[in-house]
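For reference, the structure discussed in these notes is given below.
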Amino acid sequence: MEGCGVNQASVSRACAAVLRRDLTLAWRRRGDIAMPVLYALIVATLFPFALGPEDALLQRIAGGVVLVTVLLAMLLALDAMFRSDIEDGSLEQLVLAPQPLALMLAMKILAHWLTTALPLILISPLLAGMLHLPLPVMGVLMLALLLATPMLSLLGAVLVALTAGTRRSGMLLALMLLPLCVPVVIFAAGAVAAAQQGLPWVAPIAWLGAALALALVLAPLACAAALRIALDA
Amino acid sequence: MSKWIPLWLHKLGSPPTFYRFAGTLRPWFLALALIAGAMALYGGLVLAPADYQQGDAYRIIFIHVPSAWMGLFIYGVMAVASFIALVWRIKLAETVAMESAPIGAAFTFITLVTGSLWGKPMWGTWWTWDARLTSELVLLFLYLGVIGLYHAFEDRRQGARAAAFLAIIGIINVPIVHFSVNWWNTLHQGSTVRILGPSKISTDMLWPLLTMMVATKLYYVASLFGRVRADLLELEGGKEWVRRIATGDDA
Amino acid sequence: MTSAHAIPLLQARGLSFLRADEPVFGPLDFALHAGELALVEGDNGSGKTTLLRLLGGLLHVGEGELQWRGQGWNRDARAGEVLFLGHQLGLKMDMSPRENLHIAAGLHGMREGRSAASVLVDVGLPGYEDEPVRRLSAGQKKRAALARLLLLPAVLWLLDEPYANLDRAGIALVNRLLEEHIASGGAALVTSHGAVSFHGGEPKRIRMHG
Amino acid sequence: MSQFLAMGGYAGYVWPAYAVFLIVLLADFVSPLLRRRRNLRELRARLARQTARQQRAASPAVNP
């Protein structure tokens, strides 16, 4: 505009603004952060009741149970990733902002991961301990979770963006996410199982890492494209 | 190149044109599919000799393998149509993609059921977490996700675009799933059952199999045309050409 | 202020938007130059909101053509030049007006010489800067959203029902914002049911039907 | 013939498999036909209502 100076917003400032906003909002509703953690705790507690408290059995399933539990807890929180932003119109404002949308969404995904997946990773040793996972394997489990949960956040974000224009999305989201998370679960649980059997576990972890690197680049772009489709009506 | 493809597609893609085109060709495809299917059934069930290892149970192969192949093939068609729909916003491509999904899901479902019916006498179990069957199951879920997303939107064209996007994500996912499930199978020393070993399949068995593959393809085209026709009538409900059909000026 | 041969900011030719193959509005033909205000008029369901969302870039062009500054209609060319204020205000309820403005400024940039505090005073919210938005009244929320217009740089404002929920003073505020914006060479597209008492010259009118 | 139907003892597996194949594909084929019929019927009804409305509007004197 003529005669009126403008301080252009740099991309890094915009990223920081989005990240700070989402983290602040999450902090102001701390109770919501605790929900997935509580859910995971409940599910993990139920397994010994269902299968019996036999050490050997629990030990064998511990890695898989923790992984699936964390996955389900994340699925529970996934639905809310864009929900409030759609309801109050902030998502429209984000789409219309003169910033690369994919990068802004990447920040939202990062914030979502920090507030839902990170607490789950932090309590995963507790869950695994309850199921008698051997201590040396614990490190591999944490590493697998550290690589698998961002994958789920990224893939989930694309699907949530696709369902942004629909009413009922909870069950549908699970149906859509299942095929995408099968490889993630296989490699993450595979690494833990291999470590438990004393087999080399680096290969599946490396595969997960490679997939994560790819998803880090592609998923935000796909998420942006999906969101534009979902809002276009 | 980039100019004439959309031009050509736009011409054939005009709904009334395609409606007539599909209406004319559909009976032919159906007839050919039925003839080829009958030939394949006769060849497979009557002419082909029993397998020396599996006896007559192997005859399920004549529907199981073509169905499995169609499940993947239709997913490919759906993904290509989805891509065209997203890039050029062609309504017909959206319809083709979305109406392919139920057919593909049907074939995938058949694959799973026949695989299970074959597995029981051969492996002694209805379901085994064999790499191929597991991949088929995931494929079915991919189809159901696309169908579910399509129907979750109130605006059907928007639903088609969103589901088309999901279909494209899915096709990237298919080989990854296959690879990971294979790896998973070796890790857990699961039951990797070779249905047909590397041994040569005899011509008596091969030609009914190939004929059935052709028959299922022809059937797919016939079914797709029928579905697309029904869909176009729904989508274009307000248009003059649909009105003429409704009032009986046209078949 | 407006010369006839200047390139318009926004030019629509035969513009329409289709939903389920039914045109929601149009075809519309209009041009909007810098320093012009256009009122979008029409009954409920005539597609006013749809038009604004389309011009904002949320919807794709159905039929017809749109140009931005005589060029094609692409996102990069319009980046940072358009502000959209819709029914949903885009405010975070758990944050204060000041925090909301800081985020918006982080995304859009800021006009020189303006600050969140100064524009909040300007829209009549002194003393409410740090109150969570959820505790504000509907009219105050609207004012908090209007503050964005003052703080962020943009040439074209797309305002959907800016007068809704506002009292007499609030309506005067919107008119003042519009007059200043137009006078400084900006442009605006406004939908409204109510009459607009605009003192910066005769506004253009875009009729959605007939 | 009965030997053919017995499928070497595997009749309980082979025939259900073929039955599923045929039934699923038949259902797949018939459903769009039914959908098309239903749509056309609804469309005809809508058109009839529309013409009725137009006629009523054209001759307002019928119903004082």
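Note that the chains take the letters A, B, C and D in the order they are written out, and that residue 1 is the start of every chain.
By definition in this document, a residue touches a chain if its C-beta (ideal position, glycine included) is under 8 Å from a C-beta of that chain, and two chains touch if they have at least 3 such contacts.
Owing to the predicted nature of the structure, the values given are computational and were not obtained by experimental measurement.
> Name the chain pair with more contacting C-beta pairs, choosing from B-C and A-B.
Greater number of contacting C-beta pairs: A-B.
> Which chain is in the middle, if each chain's centre is the mean of its C-alpha atoms?
A
> At what distance in angstrom does the C-alpha mean of chain C lie from that of chain B?
48
> Averaging only over C-alpha atoms, locate the centres of chain A and chain B and give their separation in whole Å.
Distance between chain centres, rounded to whole Å: 33 Å.
> Could you give the separation in Å between the centres of chain A and chain C, each centre being the mean of its C-alpha atoms?
Those two chain centres are 36 Å apart.
> Nearest whole angstrom, what separates the Cα centre of chain B from the Cα centre of chain D?
21
> Which chain B residues sit where two or more other chains touch them?
155
> Would you give the residues of chain C that are in contact with at least 2 other chains, written as numbers and ranges?
19, 60
> Could you list the positions in chain A whose residues touch two or more of the other chains?
Residues 232-233.
> Going by the touch definition at the top, which pairs of chains touch each other?
Going through each pair of chains, those in contact are A-B, A-C, B-C, B-D.
> Under the touch definition given earlier, write down the residues of chain A that touch chain C in their complex.
1-9, 13-14, 16-18, 20-21, 24-25, 28-29, 87-90, 92-99, 104, 231-233
> Considering the complex alone, what residue numbers of chain B touch chain D?
The touching residues are 41, 45-46, 50, 55-57, 59-60, 63-64, 67, 99, 102-103, 106, 109-110, 113-114, 117-118, 120-121, 219, 222-223, 226-227, 229-231, 233-234, 237, 242-243, 245-247.
> So in the complex, which bits of chain A are touching chain B?
Answer in residue numbers: 158-159, 162-163, 165-169, 172, 175-176, 178-180, 182-183, 186-187, 190, 193-194, 204, 211, 222, 225-226, 229-230, 232-233.
> Flag every residue of chain C that touches chain A in the complex, lowest number first.
For this pair, the touching residues of chain C are 19, 56-60, 79-84, 86-95, 99, 102-113, 153-155, 184-186.
> Under the definition above, what is the set of chain B residues touching chain A in their complex?
Interface residues on chain B, with respect to chain A: 86, 138-139, 141-142, 144-145, 148-149, 152-153, 155, 158, 161-162, 165-166, 169-170, 173, 176-177, 179-181, 183-184, 187-188.
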